[in-house]
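Order of writing sets the labels: A, B, C and D. Residues in every chain begin at 1.
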Amino acid sequence: MQRILNNPDNIVDEMLQGFLKAHSDLVEGGENPRVVKVKNIPEGKVGVITGGGSGHKPAFIGYVGKNLCDAAAVGEICSSPTAVAFLDAAKEADQGKGVACLYGNYSGDNMNVKMAVKMAKKVGITVKTVVANDDVASAPKDQREKRRGVAGEVLMWKVGGAKAAQGGDLDEVIAAAQKAIDHTRSVGIGLTPCTLPAVGHPNFEIKDGTMEVGIGHHGEPGIEVVPIETADKMAKRMTDIVLPDYPFEAGDEVVVLVSGLGATPVMELYVLYNEIDKILKEKGIITYRAYVGNYFTSLEMSGATLTIMKLDDELKELIDMPAYSMGLKQE
Amino acid sequence: MQRILNNPDNIVDEMLQGFLKAHSDLVEGGENPRVVKVKNIPEGKVGVITGGGSGHKPAFIGYVGKNLCDAAAVGEICSSPTAVAFLDAAKEADQGKGVACLYGNYSGDNMNVKMAVKMAKKVGITVKTVVANDDVASAPKDQREKRRGVAGEVLMWKVGGAKAAQGGDLDEVIAAAQKAIDHTRSVGIGLTPCTLPAVGHPNFEIKDGTMEVGIGHHGEPGIEVVPIETADKMAKRMTDIVLPDYPFEAGDEVVVLVSGLGATPVMELYVLYNEIDKILKEKGIITYRAYVGNYFTSLEMSGATLTIMKLDDELKELIDMPAYSMGLKQE
Amino acid sequence: MSTFKNTDGKSVLLKMVKGIQDNKAYLGVVDGLIGDGDHGMNMNKGFTVFETRFADKEIGFTEGLDELGMILLNEIGGSMGPIYGTILMDMAEAGEDLEDVGLEDFAKMLEAGLEGLCGIVDARVGDKTLVDTLSPSVDALKDGINSGISFKDALENMKAAADKGRDSTKDMVAKFGRSSRLGERSRGVLDAGATSCCIILNSMADGIIELLS
Amino acid sequence: MSTFKNTDGKSVLLKMVKGIQDNKAYLGVVDGLIGDGDHGMNMNKGFTVFETRFADKEIGFTEGLDELGMILLNEIGGSMGPIYGTILMDMAEAGEDLEDVGLEDFAKMLEAGLEGLCGIVDARVGDKTLVDTLSPSVDALKDGINSGISFKDALENMKAAADKGRDSTKDMVAKFGRSSRLGERSRGVLDAGATSCCIILNSMADGIIELLS
């Protein structure tokens, strides 16, 4: 395993130490060492929190910042944070106006958040939740509630964080974040597997010369394994999955987010984005804003995800709001 | 080759198209399609340009932005831009105050820049140059002029760009950028090789279980191949190379930049940074600011570089100035 | 003997710890086939924290179950934190007042664990999760009570039921958790949680049997 | 014949193009050993642009050298743009007024190319670069003039000198370019530029010999 590690069992704690030191102007550790929070959370606003397993950098702690999430609960690699970490993140973020917990649809996270919400209630903190389920490939449309959350979470945090920063109340923040994810669809293509450091070998296989369409952020198998294609065909395949599902149509204004899965050179993400843009233009779909880069990764997996969000006036305003975190900086 | 590509021969052009579309708020193509420039370069200031081979994203075009470089010349993958591209970048950036060309010490770049400087002179544009040579491992200290430029270039652009934005004249901008690089030392460790898309197989080898200390951004061999080490030992090895070379000493205030080489999970960069920080603290060296992330990569190579710059009051002020580009956003 | 002293129960917990530690790699492989391969690692981490923390401390059976459950819930997270945390803590709660633990007590405890689990997950028998191991194990204990066999024999039956339950997951299609995304592709291999649950129940039974004899 | 018509020289250029195209992969391998492996790709790209652009156009020898040089310089970049761009353009300049090209003319052209190269790089014979191929090739032509042999024979001698020059780089330590970072580790393999230069000179010679006969 060609990795930069000490004892793999300590990787999350050591990463957190490095992260907090490197970004000490922006974030700090919570009382619970598995919580990262904004330094000086603005008073009187609704708290916005998230959380999830580690290994998806910038997600999740990279989206703790100005006009984004106020705190995040940190789990082991690819493993949900504890219920207590979610609770403690909520405690850090709460300003008496309640807390919006915006997270992804994974069974561990669902269970731990559910428990945290109950525990928070006991200590007088109202936590409401939005569960991202933007990954089209992870379940049929009529079972949207089963779909995973993937890179669309970034847009959910952007929107929810902006709404809270604008002074929205808890229900408004929840409604905006819910709208963001309801307007968002994603799909991923995996090209190489990833290896959990403590496991030491890839925990799934993608044969050379093939690609896994619809892969999840933990290597969850997709809907199809097909021979690897050129970027134009990949773009077509991805848009063919994403666009009809919402559906996105001519005249729609959208945000396009192309995220690498970790090891794919960023250069190639732009090649892919270029092809996606051509297809959207052909269909008359208007790209209002694009994000291209490593926004939600899976350790050293190769491949990319495409996320498209349909905008309305409210979402536009919220997407346009400046933001500043390790993973997302926008003027 | 598990990559996102069309015809590999067109990858640079297609990447550029995608890049310009994705960041159309910030940058645009020059008249020469192999030039990327800031939209609305502020008038009356010294132009700052750079350029280099492709495959190092965010370098080089990712550092074209506010208070950074005004334009960049774009080469093929790992291959210098043409002299004409450097010339055309200078033309785009020139506001009558001259142009600082801040680039890295590679023979192709040296030749092409030299020619571009001559051609620019003929059309009445003064171009002065600073050649980054921060890579300690690439030549002995008494042959510093032979050393490669690596991630230290990012700090050189940051400083040079800020000085120009402050209204410095050409000699002042050159002096500041030169000071930045003179105060800067780097070293890289490679863990896996990279593959030029048009070549299709890795063009050098790093055996599993070993690491190449002092590797260059194109896989140029380093000073030593040793068995792979834990992060703490890697940090020690890197600081043992970097710190004595300048030298950096107790009480010095420094910028620390840890950059991934492409495929190493960002999580691991923080683990490495955490160890580096411990060593610096032990030595009484004060980290004034840290950058950790993929700042200067080599396609899908794994590994990391460490760059340290010693600060004085001028450099501090210039490093602190806000900046905004695809690759570097700082409030 | 037909009961064991609650205060003597640390050895049972250490047996469970060892069971998980010895099978860390195996559980990783099983989870890797249709999950993400971290099940052995997650379980091992939590159980080893317990081992270390209570190495030099006296702790009884139900108290230990409670501590182990809390470690899983509060320090491990993932799916296993809430799932095993709930099972173990609810078992502990059901038995916390006991001085001596007999078959009926233990059956009640395990049933409470199962009920707790069913309170937080929607999975039922047949869905290819640890419920497929736990539920028949509870049934085996209850059958043992009804047929009046010894605690030891009932535990042996429970072990057999756990094994059978684990094996039954092989031919199932996962309905919950990560592997459920696989649909039909999840058929043909064991479920990781069902496997770890089987290991835990076997070790627990063996540990108790040692105390009984 | 002891001269060829400058206007007939397109075939010579196409031979050079073919020489590079046929050796694209080989040059990549040679460059990969102590460089970055892109030499074949870079060269092939530039030479193929020339081939495509002038496929349907009349173009003479010196004019073609100039165009090829400009393509390398202005469209390829890298190290090869300025290096071969300078060599070819300076060769072209030295011969641009010629209607017929004889041995002395050609020798003068190649010498101009060498001089141009030495104006932009510091490498000299013995430094493991294409200078080790080009310089003895120029000498061979000059020797040919002095000893009064035919253009064709002088070209054959030049080919042999180029081969020998290329081979001489094998035992050298690189002093310039990427592989110079390797120091002693660069010994034992050919230099990529010396190899491509040898291919170009051989193809050029063969192309001219065809025109001469």
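Quick note on the criterion: a residue touches a chain if its C-beta (ideal position, glycine included) is under 8 Å from a C-beta of that chain, and two chains touch if they have at least 3 such contacts.
Note that the structure is a prediction, hence the values are computed from the model and not measured.
So if I look at the partners of chain B and the partners of chain C, which chains show up in both lists?
Both-contact set = A.
At what distance in angstrom does the C-alpha mean of chain D lie from that of chain B?
33
Determine the centre-to-centre distance between chain A and chain D, using the mean Cα coordinates as centres, and give it in whole Å.
Inter-chain centre distance comes to 54 Å.
Suppose each chain is reduced to the average of its Cα coordinates; what separation in Å results between chain C and chain D?
76
Residues of chain B that touch two or more other chains: which are they?
As it turns out, chain B has no residue touching two or more other chains.
Hunt down the residues of chain C that sit against at least two other chains at once, touch-wise.
Chain C, residues with two or more chain partners: not present.
Would you please name all pairs of chains that touch?
Every pair of chains meeting the touch criterion: A-B, A-C, B-D.
What part of chain A is in contact with chain B in the complex they form?
Where chain A meets chain B, its residues are 2-7, 11, 14-19, 21-22, 54-55, 57-58, 191-192, 206, 208, 211, 228, 230-232, 234, 262-275, 277, 287, 290-294, 297, 299-300, 302-304, 324, 326, 329-331.
Which residues of chain A touch chain C once you look at their complex with the stated criterion?
9, 53, 75-85, 106-108, 111-112, 114-115, 138-139, 146, 148, 196, 198-199, 203-204, 216, 218-221
What part of chain C is in contact with chain A in the complex they form?
Chain C reaches chain A through residues 28, 31-32, 36-38, 41-42, 45, 73-83, 120-121, 176-178, 180-182, 185.
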